[in-house]
Amino acid sequence: MAGNSFGKLFNLTTYGESHGTALGGVIDGCPPGIELDIEAIQNELNRRKPGQSVIVTQRKEPDTVKFHSGIFEDVTTGTPIGFVIENTNQKSHDYSHIKDSYRPSHADYTYDKKYGVRDYRGGGRSSARETACRVVAGAIAKQMLKDVQVTAYVSAVGTLKLEKPYSELDLAKAETNIVRCPDEAMASKMENYIKEVRGKGDTVGGIVSCVIKNVPVGLGEPVFDKLHAELGKAMLSINAVKGFEYGSGFHGSTMYGSDHNDAFNTDGTTKTNYSGGIQGGISNGMDIYFNVAFKPVATLIQEYETIDKEGKVVKMHGKGRHDPCVVPRAVPIVEAMAALVIADFYLLNKIYS
Amino acid sequence: MAGNSFGKLFNLTTYGESHGTALGGVIDGCPPGIELDIEAIQNELNRRKPGQSVIVTQRKEPDTVKFHSGIFEDVTTGTPIGFVIENTNQKSHDYSHIKDSYRPSHADYTYDKKYGVRDYRGGGRSSARETACRVVAGAIAKQMLKDVQVTAYVSAVGTLKLEKPYSELDLAKAETNIVRCPDEAMASKMENYIKEVRGKGDTVGGIVSCVIKNVPVGLGEPVFDKLHAELGKAMLSINAVKGFEYGSGFHGSTMYGSDHNDAFNTDGTTKTNYSGGIQGGISNGMDIYFNVAFKPVATLIQEYETIDKEGKVVKMHGKGRHDPCVVPRAVPIVEAMAALVIADFYLLNKIYS
Amino acid sequence: MAGNSFGKLFNLTTYGESHGTALGGVIDGCPPGIELDIEAIQNELNRRKPGQSVIVTQRKEPDTVKFHSGIFEDVTTGTPIGFVIENTNQKSHDYSHIKDSYRPSHADYTYDKKYGVRDYRGGGRSSARETACRVVAGAIAKQMLKDVQVTAYVSAVGTLKLEKPYSELDLAKAETNIVRCPDEAMASKMENYIKEVRGKGDTVGGIVSCVIKNVPVGLGEPVFDKLHAELGKAMLSINAVKGFEYGSGFHGSTMYGSDHNDAFNTDGTTKTNYSGGIQGGISNGMDIYFNVAFKPVATLIQEYETIDKEGKVVKMHGKGRHDPCVVPRAVPIVEAMAALVIADFYLLNKIYS
Amino acid sequence: MAGNSFGKLFNLTTYGESHGTALGGVIDGCPPGIELDIEAIQNELNRRKPGQSVIVTQRKEPDTVKFHSGIFEDVTTGTPIGFVIENTNQKSHDYSHIKDSYRPSHADYTYDKKYGVRDYRGGGRSSARETACRVVAGAIAKQMLKDVQVTAYVSAVGTLKLEKPYSELDLAKAETNIVRCPDEAMASKMENYIKEVRGKGDTVGGIVSCVIKNVPVGLGEPVFDKLHAELGKAMLSINAVKGFEYGSGFHGSTMYGSDHNDAFNTDGTTKTNYSGGIQGGISNGMDIYFNVAFKPVATLIQEYETIDKEGKVVKMHGKGRHDPCVVPRAVPIVEAMAALVIADFYLLNKIYS
């Protein structure tokens, strides 16, 4: 209820601050009998971890996950899966300068006002570091959903935008470059652009797109828990996300019904897919696809003015090792949250069998 | 769990099909001691009801709400509020022609595949008629949240888009025209456009924008139940919604951090509000604002081809009294869902007091 | 969250005060495709209704249930089932004398202190009248659980106690007498005893026992949601219940392990059943059986002293048409709650299939 | 939903098998600003741990809790509290003999049938070892509920039963002897009796009683989530519990209403307290008291016959270091679960403020 759990039947609860001793979580409801590839889980964490390339934060965190329960001889037992990721790099002195002041467009102010107390070391609970736990759980969800393919990629960095639809891209290429954009020419432009932005101590936003293939027909629980509503919530719960659209999205609002309707083929598939694989909140078996907008990271390596706890104006200078653009590292997080949503609805749908 | 409840502490459960005997719901968790203006609740329903103007469906439904419990001498008692809206206009013979076929971009196909059985009369549970119950609950939430102002309006119909930010509009004017657009010149254009589209038996999409003023600082429960994540889910759960963005939204993804950061005033307010009133998933006291994209209504008054349950191609012709553009009637629904989200987080936040 | 919903997947939400216009509820999560016998549902309500025999309250309420949704051509559709039971007998003037005073061992005082406002007409929400909605939902759960047999009966009235275990009784006989005790000689004694107690304007407690046969192996979700823990909660949530024990129960606490252990037969059944059909919180396929203790009804037809809202001592006299002993009418309520618990775990267990 | 979480607002999720690397849990919803006495938490764990006296299991486990998050400078921050208890004593070879057979009255059979796979080392998840996590969370709940006093004690071992009501006992004496019975003469008898039972390789059941003082008026959420219903569920979720009764309990079912009703004093307290501090599911400010019945431990140090996975009869001999009577070590567990229930309702009740 306090907001640190996600999912009804495939349920993840997470804990951990950016500079505490460890992050961790519990996955309750993972079905028994799933043979886990533990290395594949660690690989997902590695896709998210800091320091993996020259265009992301140069902080070094090994982000090694240890499982405490729920897995016996590499097979899930149906009991809760507890896991821990130790924080090996707790340079809290880096953050002492922000103890009494509120950084603009961070959560310092709101956390202080809500809770009356704040672990000021590097964002504490509001740090995107907590998404590491989501990636662990998402990796297990992916392994449960063998036939479903969840693939995210960077489709925009600032105003550099990939205009092609996903169906004209070779999504497998996303992992071949450090931006995680499947179009090589665009990836190269984006990489240079991010370097340029970083050089100014600035940051820039971007868009992650995601495609989910082979989703069974029938997932989603209308009227409130529509499949796309939970996907939207899942994405909007990721740090820095400002918008979500699926299928025809915002562009669809400009269209005529006569253009937008997806005519059926005789096998129940549709000739077009403006619906984005979901009708009435329930998957129809077509590809699900959506876009997630990320704002520019708020931590700049620049001087700025802000206020302290007493409301006095103070001069600050951003320090540390931050991402100039969050979207390359957000790709595995988007996939993880998508997998968690599908896993949960997959289990919920068993009630109808 | 089957998806017909919304909210944790201020909880709404709804039931009802478009052509059953009645719709209804239960609000559990409404605090005691709230003096209700029952007429104001009915007025909200009237804003949503069919037949209210020439640009919406000409179906006639009085949509009168009756309360069964939880209110004693016009004051809430803290016990669950049960209510019923009778369906007085059940022309189910209008829908007999769709019994065995699947209308494109409707939920006929997915409901049949998921549940194996379907009340085929006019959409059944997938009809937007169920949103009447949301409006009832939202009206009560609004009365609970006396100081909070929730105002939605139409900001786009098809490609006709109001480019001004909400702060430059007189939102009170939204209710002075049948489109519910606060710019009179644009409202007039939109009205003509909708009539033209209807004349062709076609439909068109649009955007509803919403502003929430006077939200207390501190609402929202990170990390998963961020305020904007629940708002997003709430909006995406409304029929025909394809996208949600708040604050700087998708445009924010093109910006630099140095432009996007909201600098503080000494009183904790911010000079700009790209954040959209929410930082780290928690309200910061600034205005919350967001956009909701609606696709064009799928029911066209045109001939079309589709398939029946056996997968055979059939010719159909759309009939009935449908909305050529859904956004004017969606305005009170967007407000209702926004009020439900704020009400829920308002109660959750009492834990910290 | 405010406590008017029960069950996770097979979920019942109820509303209604004893003297409002109607009671009602919503069953969300009932699977589609169940052919309902509506008359059988009404029959369960009739077993609970007031005025059915000389030893229960002589209040007359037809308690007719009307379904609004979720059922199409007598088959469940998988959408929420809304239902209403109108209160036809709202003699609220009977209760005006208790408006400002607190009846001993009723919920008047605690409701007033908790909510600050109270529908004082006959107990309002705290009246056992709300259990009518449980019986409706339980009757549907029973029909979903075709092979499972839930049978409750009166095993004690005051100190008159049936010492035989259920296995030596012909449970079918419980419905042949107005006490609902399957032993005819004891039933006759109990009936006379209740009449005698009523004659004095007094009341007496009792015990309802319940047996659930043919429960599949595997129901229950340890560690917190053990099958017997939810059964216990379900029973303790019924008005006037003071205790719950299953299997060997309180007597089991006096036994040696060497006597209490249930040795296996080679087919997995057990030679004895002190466990009460549940091991480690999970059903083992043996009969589940339990006892539910009910206190004497607090409303006496006698003069008594109590306090009013200002804490002044006032003289009152119990009026109205109350049950001298609640257990005969509690039998269908116990069955209903047991069926709801089993139905919920039955659906939850599908996740493992 | 899979049953490893407890509480709505003060929510505990646990994980861990008896012979895995570690147990642990997450407390989500603990309010910020509580100064924690970490040593007091460890002391509660020590009250539960194995090997603390001659009448409990001689297994040695230090049961040291480590906190990973949610606490900053010994004060709760409002973010989730993650904690871990390492298993230092994993003698899994002790259990190899039970890998393929089902011990009578254990959960081996039901876990295997439900999950299809089982961590057979010492009970796995069904071991009472998981209650260590409950004790950690309960200790924090106690510290949150400063003014509330939760005291449990042993009131029966086998047929040795303390007949005095709690009000005639000096509950502080419970912790002065290893049985945790506040009557010294009875404690001595019970101790000798347990030793005698252990000498035979047998076990015996017992009763833990609990008193909760200074509970504010108003806790509990009728109609389903009555305070005593959640207390009952909480207690029944503890390993080996067979029954729960509160206030007058099962004895109350034999009483007349005229004897059982609790007459008011002018300050709203009552002259008697058969109600057990709860009216209509809501606390009335009087002491809450209840009894919890525990069956005899199923593991005997004796030879016995049982079946293996193929249904063949096998001869086994109980080994290991088990409790001859579980109630002395159950005392802190009962207190912990009681504290969790009160803490949860305490937070829920803030909604009404």
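For reference, chains read A, B, C and D in written order, and residue numbers begin at 1 within each chain.
The definition used in the following text is that a residue touches a chain if its C-beta (ideal position, glycine included) is under 8 Å from a C-beta of that chain, and two chains touch if they have at least 3 such contacts.
In UniProt terms, the chains line up like this: A, B, C, D = Chorismate synthase.
As the structure is a prediction and not an experimental result, all values here were calculated from the model.
The pair with more inter-chain C-beta contacts, choosing from A-C and B-C, is B-C.
The greatest centre-to-centre gap from chain B, using C-alpha centroids, is found for D. Computed from the mean C-alpha positions, the centre of chain C lies at a distance of 26 Å from the centre of chain D. We define each chain's centre as the mean of its Cα atoms; on that basis chain B and chain C are separated by 39 Å.
The distance from the centre of chain A to the centre of chain C, each centre being the mean of the chain's C-alpha atoms, comes to 46 Å. For chain C, residues touching at least two other chains, in rising order: 1-5, 8-9, 14, 29, 32, 78, 114-116, 125, 351-352. Touching chain D in their complex are the following residues of chain C: 1-6, 8, 14, 102, 104-107, 109-111, 113-116, 125-126, 130, 156, 158-159, 197, 202-207, 217-218, 220-226, 228-230, 232-237, 239, 242-250, 252-258, 260-268, 270, 274-276, 278-284, 291, 293-300, 302, 304-307, 311-313, 348-349, 351-352. By the touch criterion given at the top, residues 1, 9, 29, 31-32, 78, 347, 350-353 of chain C touch chain A in their complex. Residues of chain D that touch chain A in their complex: 1-5, 8-9, 11, 13-17, 20-26, 28-29, 32-33, 66, 68-70, 72, 75-82, 84, 114-119, 124-125.
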